[in-house]
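Next up: some structures, all given as structure tokens.
Two complexes follow with subunit A in common, the first pairing it with subunit B and the second with subunit C.
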Partner chain A sequence: MTRTNGKVPGGPVLSVEDLAVAYKIRGGEIEAVQDVTFDIQRGEAHGIVGESGCGKSTVTWAILNFLGANGYVKRGSIKFLGQELVGRSGEELRRLRGDQIAMVYQDPMQALNPSMRLGDQMKEVLTVHRGLSDKEAEKRCISMLERVYMPDAANVMHRFPHQISGGQQQRVVIAMALLNNPALLIMDEPTTALDVTVEAAVLDLIAELRRDFDTGILFISHNLGVVARVCNKVGVMYAGEMVEVALTEDIYKDPQHPYTQGLIRCVPKLGSDKASSTLYPIRGRVPPPNNRPPGCVYGPRCDYVRDHCREARPELRTLPNSVQVRCHYAEEIDPSQWQPSEDILPPKIRQNGDQEEYIIQVKDLKKYYEVQGSSLKDVIGMGEPRYVKAVENASFNVPKGKTLGIVGESGCGKSTLIKTIIGLEDSTSGEAQFLGLDITGDLTTRTEQLIQELQMVFQNPDSTMNPSYTVGQQIARPMLRFGTVPKNQVREEVVKLLNLMRLGANYFDRLPRQLSGGEKQRVGIARALASRPDLVLCDEPVSALDVSVQAAVLNLLLEVQAEYGTTMIFIAHDLSVVRFFSDYVAVMYLGQIMEIGPADAIYALPYHPYTEALLSAVPIPDPSAKQKRIRLEGSVPSAISPPSGCRFNTRCPRRHLLPDGGKICETETPPWQEDERGHRIFCHIPRETLLTFEPVIQTKERAV
Partner chain B sequence: MAVAQPTAGAVPSQGPSRWAKMWKSISIVFESRIATVGMVLVLFWVIIGLISLVWTPYPPNAPEFQQNLPPNTTNWLGTDHLGRDLLSRLMVGTQVILLKTRLPWAGLVFPIGVAIWGVIGSVLVGAFLGLNAGYRGGWWDQVTMQFLDALIAFPVIVLYLVVIAALGQGDLVVILAITVTGAPGVARLVRSLALDIKTRDYIRAAETRGESPWYIMFVEILPNARGPLLVDSMLRVGYAIFAIGTLGFLGIGLPPPDPDWGTMVNEARKNIFTNQWAVIWPSLAIASLVIGLNLFADGLREELTRYQK
Partner chain C sequence: MLVKDVMTRHPIMVPPEMSAAEAEHIMTENLIRHLPVVGDGKKLVGLVTRQRFALKPDTMASLNVWEITRYLSNLTVQKIMLSAKAGEVYSIDSNRTVEQAARVMTEHKIGCLPVLDDDVVVGILSEIDLLRSLQEMLGLPTRGVRVTMRMPNKKGQFAALTTALSQHNLGIMGIGSFPTPRQPGFYDMVLKIPEVSMEQVREILSQVPEQEIVDIHEE
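This part shows the complex of A and B:
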């Protein structure tokens, strides 16, 4: 592709120096970002990672001048292609930047205009900025769509955004961003809203485009694995400061700043489990911008903190190995000698032994939702009823005191399955028993004792607690309702639970708005435990939390399980977390359990072809790991009319291994292939063939 | 979004006293100039009303003076067509609206005025209907909302006339009229809030505890709707005062002997060409109180929806 706009060769595309951004608030101002320095060369992808609230997005908004009415650049400079952006008026900025900075946001549905055809939106970029003719623009758009591997590109131009899937929408947004051949492409969490298999394909695309187009990319993400896959340079941000900048290989292999080391320690590695490894959360929490500690901002949470750190603020300095780090003692810190301090020491896992007593037994459980058609016949109630087959023939047993993890992409029916078990929905057919009691009906059909035994932990920390009541009132409610605790001992019992949650009695009178996300989630767990249930269902309890908090909450759940012997069903979309936390794992696709068995068996050969694809899509925070590249074609079919035979047959990359290109997959339901350990695979391909596949991920230490 | 927001930070374990907390929630009014102006206007009339309970310059119903006087040193605001002091009547007029409700057949006088009772009535009825429609959905929702929509379709004045024709005049009837006309609006607001709040996880948590629908509606949902509901009620008090004025003007409002602003306008209207003052003062009174309540509600809404410090 030839460059049409005159860019200065050489020199960084973007260079940010000592940037400080402040927001004016009621009664003062807060500095959200302080002294951020980095630059991006042409063809380079610079990642910024950090937890929420550390100022990643504020940096991009400062570059784009999107800070809003109350934000402004307080100090420092932002140079784009050698020209200063800070201190210029809106009109000047528009002329300077022209069409040379493009942005890709997290949610593609919000970036695309839902009432315009995709083609018209894309063409507008060219006809407005470049003055191209409509025909010319159309041609360019189609070739760009083909470039981002959009199937049937010419046809997509005539569709509306809601008519294509989320992954395809993000491709359109990326294609649109590249149409003007920008010098700088800013991506703010571009794959966070996508499923893992879709995410993998989009990341592949971004990595490829970086090589082909000579564009500088600023890539923002909270996920270390995603950054490892795309970027060649990474900056780690903490509390508004850049604490470490290094090449991607170096930062994962040899992190210099204690915060980076802590981040890497608190994510479970794919394939590690709770018996053989431990997660170490970072103690404390990110300080709010108006209350940062003097000296090193990371000081209060750092294991190596010394007096000097509390007094003097470290500068970002370059070490001999050309890694930039903001730490006084980076050279002296050896992460291999690190010992966890007492307060973050994880619980000792008591092995509950292999009990053969099943607490919950589910057989052929189905949940269908009736959908209203739109034809006249349907409206007057004469039409054929149609169903969304949300859960189809789910069968599993969970032994007492163990954990079953359920993984699968969005829309696979995992949430419906646990809603049916807990009784928020009734089931359509099949059997489900909890300690011998029937639980196929919804809550209205259940006795008080049964309701008390099944409790749930929810996903979103911001909506898990009622904002009108204090922590104490909310934890006490289940105790009072079920009468598990005498009235005069309720307070005592609540405090006991709060202590178990490592929150302490002084949280009793706090309101939810005074808590952080992780704390709210702990209260949610305490509330679920308050009625002393035997089975706790966890619906993505950690996916909305930052990684350091996630580790702490996972450890807490393990501790609870060890203390009370609670059985858990644990839903997550993060395969490493599920592997770490669960004893048994079920993989779901389109309402069907595809593979189920002991956790280690799921993550090792033989795999179900779908599990294999999932594993190969997981972003791994280790650039040296070798990962097999399997990308699924197309998107998940509709659950109203799922494919016949095996539901995965339309996308299965392994079907060709069967005679006739896998004709049998379309016509016959696959058999359950079971081994002696209870590992079951729902596939036509014989176990022996599945065993001959290569492991998906190979690292120096282990093969998954 | 990773916007750095100030959080509450460390809160001391011993919280501030009840009074300090109350003062803190009241002080939010002073953050907004609009709300402060509104509150001053409303408080002005409340204080005037309170004073009138114990003292007025002259007896409000005694025709002691010359008729239709313009403002002068004895009668600061002038006199009406029967020679009654306008200032005294205006002051006492606040009482029936904001401070007392009369039940002549029982010989009782209740505290809190007709406009406020009317709004309390519409909030109670509206919240009940709206919560059921919003939380339960389905047939509850269909039937309730269709009925309320039908009610809204009637012109308000016609509804007033129907209620008063059926039940006769009286404070209680005016309260009922305001309740009936106000409830559909409140129900719509509460329904939309309930529809939003019922999707939150803490409602799921209550359901998995097997709580009854009534508990969920009134204990889990309603407290979280109080902000918008409070603002809406303020506005409604303004509308109610307006409605009382309209009814008084039509001659079917609050019954005598206590003077009522709307009735004052109606009576003085006949002499408008000889004495404009008797029309202007009660009109100004209605306008300033309604504007005060509107400003107060607007300012409060702005402050409540702004993110907290």
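This part shows the complex of A and C:
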């Protein structure tokens, strides 16, 4: 049944008005959140997006009164089902909220008790809040697990959290949150820790539950694509303020606030590449709450800033098209006329021709890990050795100065593959040559010069830097170690690198804790470049970063590549980023490369069925785009005993296209089907049939 | 159409210990006329309606200003509500049909029914919800031709009507029927037909044998 209009009887589930949250600190207090106003109707999903440090989570903590000992709601009101939450005592709040507000957080493992069986944890919700009998509670838990599409629900009740996968854990958390039929569900980055295929399934589930239970959802995410998929209304937060609130279609089609426009420009569109499009980061960064500028908080980063913006703080006002925006000049700004200012102008990409010279050649590379069995036979060493086949027959070549992107779900062997290349692991068999030198062994077998030529950028800059070394020392270390630079010129060289990273010489003596996440990652890149390597391996270098910082780091890597002609192998789970950044792309599944070729060929027909499923799961920041909905059943099989024939056969949605329901997929290893451009697909389905599929994504401009 | 499809989910609810003044404030502020009272685990305890706030004049008359204040401040929801335990509240299961709910409400002349699943309040069904479902049943939000056909109470009449429409590639987006008042043996059927002109509908439906067009509207 459709609602006749936006006005829903009974008033909003949650209504937040002029909320200001302050934290007491030594010598005063800081207002982390100011003047936030929004409301959520029954059955509505309200998204909040913004960079980290904008106060998104603080808003949810204020609703739940989780602000901690030094935080409090300074002004404004939070009304839940018409009743004021601010200024109530703990006991009153507990009764008021009772079982009516539920939460789902980013990491499902932290929300579940690792030492209790899942069934017991779930039943507790019902036996404590509702006083149901154990048997009745069990029955309801199982039906709720089935509702969230948990395979084998009755059995899952007897398992411990570590015995199910991450996506399943998040399903349990969502099922648990819904057991009491809450009026409001608060989700703080619920899918950020999940794989793109699992994420897509969880997002589908959230959208469906919202319809069925009429639950209001407050959905927090930094990912614009995810928000576009679930929410019908979006609020954009910047530096503790709500700068724009609008319907989802409006915000992506016609963003009003310069910050929203900037955020959308930061994200690579699926299907765009580095030659035809550019990413524009937002210059500067979010001001800390104790040092916000007077006037408009976004003023210092805004391209349209005028004197009036520096003096008067804009109010959140409603435009004629019912979009709320906090900008003095929203009507006058036309984003199509926008020109990037000089300091964020990305580097010109040199197309350094099609060099046929391969810098790295890998053929049939295998990496097996032996697993220790637990039976007595295994303990005394009589058992059959078993192996995790982490990488199976990987073959690829990367030309000099080009980038190979590797995508795939977690556990598919992406990281193992590059660890084997860099020498952190030795390979089991196969050939791998770097500039003609054999690199199949681990580090101990390599010469210092070889080690110098291969460097790596890691995902999490925090855990890869020594916290007690200054930035300068960290970058200088590889230079001294490999002797690439004479000792007396090291400082000069480090400063040169820092400048290239747009950090400046004053960063030389800083410690890692004095840097922001994006700056740390730049130092990580500078360190990898310090030894002037020919090949840089990047393992998810931007996935821990905010979108605007991600755009800046990607631009920087492109600049480095243009400057030094460095070859890169780039791992990321974000398919739009990989498409944007790479010349060649390899798609991996369960240790096996399924499809490899030039980037544009991977993202266009013909697809390998697995690539097709991956593409259909990518969240697209464009609500008008049509996307085919393919969801893989089940989870990735164990790499100890991978399925016979094609490894993807147990989950392949296309095998019915072959005779006998794809019997051949189980019995025979598929052939490599190659075209003249070097695009190879590892599948039994003939190329001609693969070509007849519909494109996965159709936007107004182009089909991907 | 079942109660659970029509009801308002997640209604505002209050505990029995809340003061009556606060409950009154919540009702006024949120423009609602019924307030389910729930205990632990959202179990139904009672119901507060507007009328329950009308205090008896004879109670008040014997009190002076100070006593009135004290009386009011001690007045809790528990004291003024219709009690579920005493059987004063009619409620309905969420899987019952809408018409059964409407019948309970008309029979007892009441304005709302708390909706329960095993004693737990999952929603509330008020007159307004039923009126909204009536609109939607007859396809109000979308524009089209609304026509009332009178037909004898015989088998095959509705089939004749839909056949006539389908031959002209027309669909029905809202439908309802009721016995013709004061004319036993006949039924009136209301249809909402989108994307068509009134004249066209009149022409097609006047061809249906044994039936007549009682009323035709464009809205």
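Remarks
Keep this in mind: the second predicted complex is superposed on the first by the 692 of 704 C-alpha atoms of A that agree within 3 Å, B and C clash if a C-alpha of one lies under 4 Å from a C-alpha of the other, contacts with A are read in each partner's own complex, and residues count from 1 in each chain.
Throughout what follows, a residue touches a chain if its C-beta (ideal position, glycine included) is under 8 Å from a C-beta of that chain, and two chains touch if they have at least 3 such contacts.
The shown structure was predicted, so the numbers you read here are calculated from the model rather than taken from an experiment.
In the three-chain model built by superposing on subunit A, subunit B and subunit C fit together without any clash.
By the document's definition of touching, neither partner reaches A:N223: not subunit B, not subunit C.
Applying the stated contact rule after C-alpha superposition, one finds that A:D214 touches subunit C and leaves subunit B untouched. In the superposed model, A:R527 lies in contact with subunit B only, and not with subunit C.
In the superposed pair of complexes, A:T420 makes contact with neither subunit B nor subunit C.
Judged by the touch definition given at the top, the superposed model places A:G82 against subunit C, while subunit B stays out of reach. By the touch criterion defined above, A:Q561 reaches neither subunit B nor subunit C.
In the superposed pair of complexes, A:C54 makes contact with subunit B only, with no contact to subunit C.
Of the two partners subunit B and subunit C, more subunit A residues are in touch with B.
Using the contact criterion defined above for the overlaid structures, shared-chain residue A:R130 touches subunit C, although it does not reach subunit B. Across the overlaid pair of complexes, the angle with its corner at the CA centre of subunit A and arms to subunit B and subunit C is 120°, in steps of 10.
Between subunit B and subunit C, the smallest C-alpha to C-alpha distance in the superposed model amounts to 30 Å.
Within subunit A, not a single residue is touched by subunit B in the first complex and by subunit C in the second.
The residues of subunit B lying in touch with subunit A in their complex are 1-9, 11, 13, 15, 31, 200-202, 204-205, 207-211, 220, 223-224, 226, 306, 308-309.
Every residue of subunit A that touches subunit C in the complex is listed here, in rising order: 1-2, 4, 9-11, 13, 42-43, 81-83, 95, 98-100, 129-131, 180-183, 213-216. Across the complex, subunit A is touched by residues 5-6, 8-13, 15, 26, 29-32, 40-42, 120, 122, 128-129, 132-133, 135-136, 140-141 of subunit C.
On the side of subunit A, the complex with subunit B involves touching residues 23, 25-27, 30, 32-33, 52-58, 240, 288-291, 422-424, 443, 446, 448, 451, 454-456, 458-460, 463-469, 474, 477-478, 481-482, 506, 509-510, 513-514, 516, 524, 527-528, 531.
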